[in-house]
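One chain, subunit A, appears in both complexes that follow, with subunit B as partner in the first and subunit C in the second.
Here is the complex of A and B:
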């Protein structure tokens, strides 16, 4: 054991544990003889360290309130609070471990067959299942304290995997002059070489030094590439950060991991993968107390056994699956042609039962650890995701690339290459190929690293599971799926690997198949009497490794796009409550919308309409364009006049409404509904592209102008104080559009009104919006001016039966049925939607948007149903109480046969039917005198 | 009759600066944050509100000729020409934007439609990489070049000058953009600085 270095303390289920500096939590617990770390998902069996590389589910714990942390990868820090999961009341004594004895009642797919009869018991079963299902608990009180964010990166070549192969690939590509990003999931480069020091010797240090100092290589460590998307867009998790890496070329050098052996009680604490044992030894400086049995079919098992023996561990025997030893065992006994068929023990391995591979008598060897080195599962997920096709190669006993996706290369163990020299060459060739793809003119075949000419001896076919009829032979550690479960599921008809996966849930747990998929495929093949190649695989999808949702969302939860008008700060200081209008924040009310309403009707009010879409059209052909995109006429719109218009699509459906002002002979100023500016801009540009012969210049000036509408009997008086213009009706009649200074600022002033009072809409450059607004409020003090918000505005406009596009209209609304037949000029040459509107007119309208009036003060909800003879016949779109009408007024869609003036319709409210009378004329100032005075 | 108050222009961040205790002065008709209580030092990461600039737009088939006559040199597509206290951007073949005072027949004054911030410091690019998926590397956006792209959904015009990145967007989203940039720059100690 090395010298004790300065460390720290943390707690595990309330027990204080010492950890050395840099040691993982798992290693510290191992040193403290805490070998049971969790309880399994279904049977609540004790589980302990297994892979020590963040892939199996055995060491998932809650750390400082964060659930499902793989403590074999988490460095211990002072005062950490580590808690085991999935146990009650404690890890040592878990009540639900009784389920292990009731496994006969919980066969594969049992939840599809049980607990839903009798039906009345299901709610009870559901509560119980919810309580015991799942892994880890979310701290709902404190929430997550993390800060997630994102980072975008770009590189010429991305090398995924910083082991022996990846290092060579990165160096070769960088030496060729391209930028390289080398990503590895460990805190230091080297891959397996870090925990298997006998592999490459001193060469590694030189190689590492070259890579770390190379100016063209950017190393991203402790980072997991969890997804490969189109065009080599790699999604990477690094702690709480998601890195989006866009690479021109990708080299996959992800290697793989040890494959578990399936035998009875192979999930007991004390079972370790060889790599896990090596990591404990060489990275965490831990030893294995007691006797070790190594079961293997390859040289790694022998290396592991010898390394264990070197540090003083008692290695009782190497159980060699092949008939001859795979390597030199030196002084350690080797039993050939044998395999482990069972582990004995209660909460920890106490013995290994071995048997000949071909069957026969058994031998029990007392031990505390069973180290497994029986094969290798390549990490091919990213290759699949990138679009490569792979095929099972029985000579290599793994999936291997058959064809590469564009821009993708692979090398090393992921290809089935394990010889160190061959791996280095493969890595260099892949790096060279990636660089050459980017610099073909500068690369020559002579530069390409030579191919290894000596024949490689691929690994023999693997040994997946011992042949014994025992029940507790776990294939999937995450979901507690046994070999028997797999065979039973196949017997039930789920013989296809995809349906087997879904029915048994194998490979659907935290490991996502890393520990179990290869074995599951082999067992499925064996049971079906087919080959592994014929059995196929399931589909690999991101994320390759589970990750918190926060990593995907980043800071987006906190930052939703917000658009604010230039006067926003004034509204906020005035106590406005804001509402969302698309991304815009609009004042809904200041204090009391009733007061705001009355201020407009009786004195003067000011509303911020900066959110309106605004478009400028200039050029000699603007009129022709307007005639085409609007169903109404513009040829005779004079300079200095403004007109209301609607925009329809080819089906005659109303897209938007707004105003069109002719400021100069070839300059028009258009407005559109809040939030629709970009859509209308796009719509106009689309049609201008289709009509290149039109000389029209379009500029979206939505944000260029702040806009406000002053309305009320005294609006002219207020505006008069701020300008020199003649605002009398003679000089500026209703629907006039003029340009003059307001409060010293050049303004576009339209005499229009949405709320039914004398009013002016003022557009000024947005940098002066606050100045003009303040000037208006100041000038209006003597007249009792009030700012009014959207709520008051909606009440006011409803008095006049003015529609809100997108609120009173929908994707089926045409202007003929929206009570705007006067706007459609079918005698024009052509316009968008003409053909469809002609058909509507010929057919006659089927529905109509009507105004209605309800005596009393019961206001139906918007979208309240209109009922006729007990059946749904329409819906309310807007409704408010109107003080000036002394009744509830609103707009509703009704069938044409119920839409005549004076007709009574029935509106459902709180289960009752409310009679409402259809009214054609506006509820207030029907002749528009107040508007036009 | 007209009130006598001289119009004062204000950018969309003025109330943010005021709230943070910045010294506000009126310069050339604009309310500006000239100094922050704690300013970043030389060589540190800083963000400055540049929303007080005039902005004019040139568009159409003759954009190239118009910009060339203004600048005296050809202004290639996606480039930024800097001279005489102004930057001339040409993001596309038929569109040019001039930030800074200019008198140019045919150009439309779109000052109200643009607001700008400038990012300085050794980590400016990394800060932008946290909030935008644009490739801002030297080979794709060298100095004196520009590009357009989204930042948290905001369509933004990026300009790379020798010592700074400029971001231009609609004024109604600039406060949002400012918050996003400061949040991303927090780990690099990014601080707002006044115009002084």
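Here is the complex of A and C:
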């Protein structure tokens, strides 16, 4: 037979450690007699293995540069570099362990009371505390090479927990014919059965085989369900992957974990939870060297003690808290009515101090290990998150479900059931109920477990903490919160469990209350003289287990939507720098916006406007629809004409502007701004839904058409080369809308002028966009054509005082105040926003969007303030230097009193006030001669 | 928010595919008084319970439809296209 374990080597703080194949790092360190694994958060006390199941904070180390790894769950791999955390200079000699002696200076909430006076010292305190706080360090130089992703899954029934109960539930549901996903946080199924040989029987192998081979069961191991969201949407972490599982029904069979006992120095290495001792023994094949003392109040402690003795461990005594033994101890001696009140030792347990429960004389038993089995905390977080209500049941000494949320079931130890047979029954019943909820007619069940309630075996009433006045009795291992800290906090007035948690920080560390919350509640109840049920719990929120941010992010960066125009590659080759307009990439400039500007004013320029929203409306009732949606009048819009319009909402607020072209009698072509295209599409569809009597067909053709605008005195000359149509003003006047071929491609051509020059907007099917663009650039060579970007376009339109919806307007702008009163036809009977706009007209505008001019070349920022008599009175929305005006020009919102032509307003720039003159007339070509030639 | 909505056109989809359109309100007559219009424009009942509201399937079929949602639990009890709702009302008369 070949060697069973090859094993591997890894380093721990520079020391080489041997590990057997498949062994966890923690187990390997245990074998190498490295029992101190970390230093605690506040007092830097030595800490070692405790829960061996990834729940307590004691074994957190940095592995290969990744901080806060639970080494009790991490398999050792060759050449792993494991380093302890939160200590300096070394784990054995940590300078900050002096804080343990200074604990009187650090009572609960000390940072709220100290260190804020004198104020000037706070920055220093803050730096020091920041350095000391935290556990692991992030390696900023090497970073973290992680590949995170997400997976979406769907299932009929999700069973959370693959132990004895979960296996039964999954099988029952799958046999009923529904799809089942069984999720467990261990690398193999079985739960407690894996490390408690007395519980398992020959039936387990059979059960496991059935589950693993069932065609309707999908097993997901090594996965933690960390959140349950609306409608049973489960969030699961599996390594560096997040699985989002939509389940119709959820069965929670998550069991729970041993509860620690609170006594003096209960955090010393050498203290172990019974489950931890069992895992060390049976999963990692490790032994406990030296004497073991077991303190317990239930059968599990006895079982653990006997299992330890069976493999040769020296179990000195079982300290039984009850007056009579809870189970048969065989050859091990039992001390009844006693409890552990203290552990002694420096870096490891060297003795346990036992005392009678009712007080009295103490005895000290030398030992190296104290194994605790005094209670059980159910893993109820997912039940709370899904909306179930739970209540503390004193008979079971734990929270139990009072009412279930829709689609949620639970079974097993999480319900307080521990007897194996009863658990199997409960599991099967939950699985059946989950399936029946989905397939009611087909399921029938005769052997309803009526005896179920009698089969439930409650554990003994809880023992949480030995009563002694000692100081170092740790309740919260993560945050170093002692029993005294809790009592002090309550004395200070934080008596409610929620405020107690926040003030003492209990349950706010890596374990998130798994080790400490139940005890904290019991102590809070005891101190307040109330019952545990009355004390309540703090709200359970996801994530149930800490997880790296990368898991939540996945590969999000790669999945950001980017939209590109058909001419994008041309722009990139021409040296364009791109800007984001929503998801779109638009050329902001090619090289020099000044040159682009001059080209348009003096020769000809071409701009890509493919990103504009485009909507086609067809049908006999389109005019009626437009009359209702726009404040404009459309009844007289002739075929072959285009018009500028604004869309308002019911409050009269300007939503968007654009053009409306009537291409044929019953065919209209509308444009909207790039950013609002989707919103306007939705807006139109809603009103069409409300008016089914209108015969109107709407199609969003934004992506179907590429569009470009050719503008400048020579634009007609260039376009003429590429088409046969008559482009003269007689045949195609300003605001004409026609269809003809451009460069051999059927096009919609609108003669409009956003930039104030003779120009044509050409829409072609997007697959021909690049062809037509190239043809235009080619045809324009003789005229010195230049492509221009968004920046040049902004300057050009500003010369004409043309507004940009969403830039010069906001959520309070109505068209009457935005200098577009001519658009609002209040004599129409009804349109969206009519009522509001009439009121505005009656009241009179309060503000106005005006053009202004500043001599010189200092350009105010957009959103620069307009100041009047030392008070804020308005703001600048657009501003640029204008070569044609020979001054700085812009648009600003000002109060109506300062908005008359010729008024001076003061604009703040760099702390100074610049005088600007209000101007009604456009800064360039006020009569529009260039547009209409 | 992670609930699902049953689009009358497309079936059950995650809520992120939709845009919320507000509770159902009746648009006043153009000649209605200022109280009625102000209420319509600016006041909302903020129902704690089942609310009738609009949803828009922006990522797929782009249809507007009605839903009855319990605002306490985000359970969508029923969805219905507007036309079907109108016909049901007409039928009931």
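Keep this in mind: the second predicted complex is superposed on the first by the 915 of 933 C-alpha atoms of A that agree within 3 Å, B and C clash if a C-alpha of one lies under 4 Å from a C-alpha of the other, contacts with A are read in each partner's own complex, and residues count from 1 in each chain.
The criterion applied here is as follows: contacts are C-beta pairs under 8 Å (C-beta built on N, C-alpha and C of every residue); 3 or more make two chains touch, one makes a residue touch a chain.
The shown structure was predicted, so the numbers you read here are calculated from the model rather than taken from an experiment.
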Which superposed partner A:484 touches (first subunit B, second subunit C, both, neither): neither
First (subunit B), second (subunit C), both or neither touched by A:745: first
First (subunit B), second (subunit C), both or neither touched by A:387: second
Residue contacts on subunit A - larger count, subunit B or subunit C: B
Partner chain in contact with A:231 - subunit B first, subunit C second, else both or neither: second
Residues of subunit A contacting subunit B in one complex and subunit C in the other: 246
Complex contact set, residues of subunit A against subunit B: 149-154, 244, 246, 555-556, 558-559, 561-566, 569, 583-584, 610, 616, 697, 699, 701-706, 720-724, 741, 743-745, 764-768, 770-772, 775, 778-779
List of subunit B residues in touch with subunit A within their complex: 1-3, 5-12, 14-15, 30, 51, 57, 59-60, 108-114, 126, 129-130, 132-135, 137, 140, 152-154, 170-173, 175-176, 179-180, 183-184
Complex interface listing, subunit A residues touching subunit C: 229-231, 233, 246, 387, 406, 650-651, 678, 681-682, 685-686, 689-690, 692, 700, 829-830, 834-836, 839
In the complex with subunit A, residue positions of subunit C that touch it: 1-4, 19, 21, 27-28, 30, 32, 34, 37, 40-42, 54, 56, 58, 62-64, 73-75, 82-83, 86
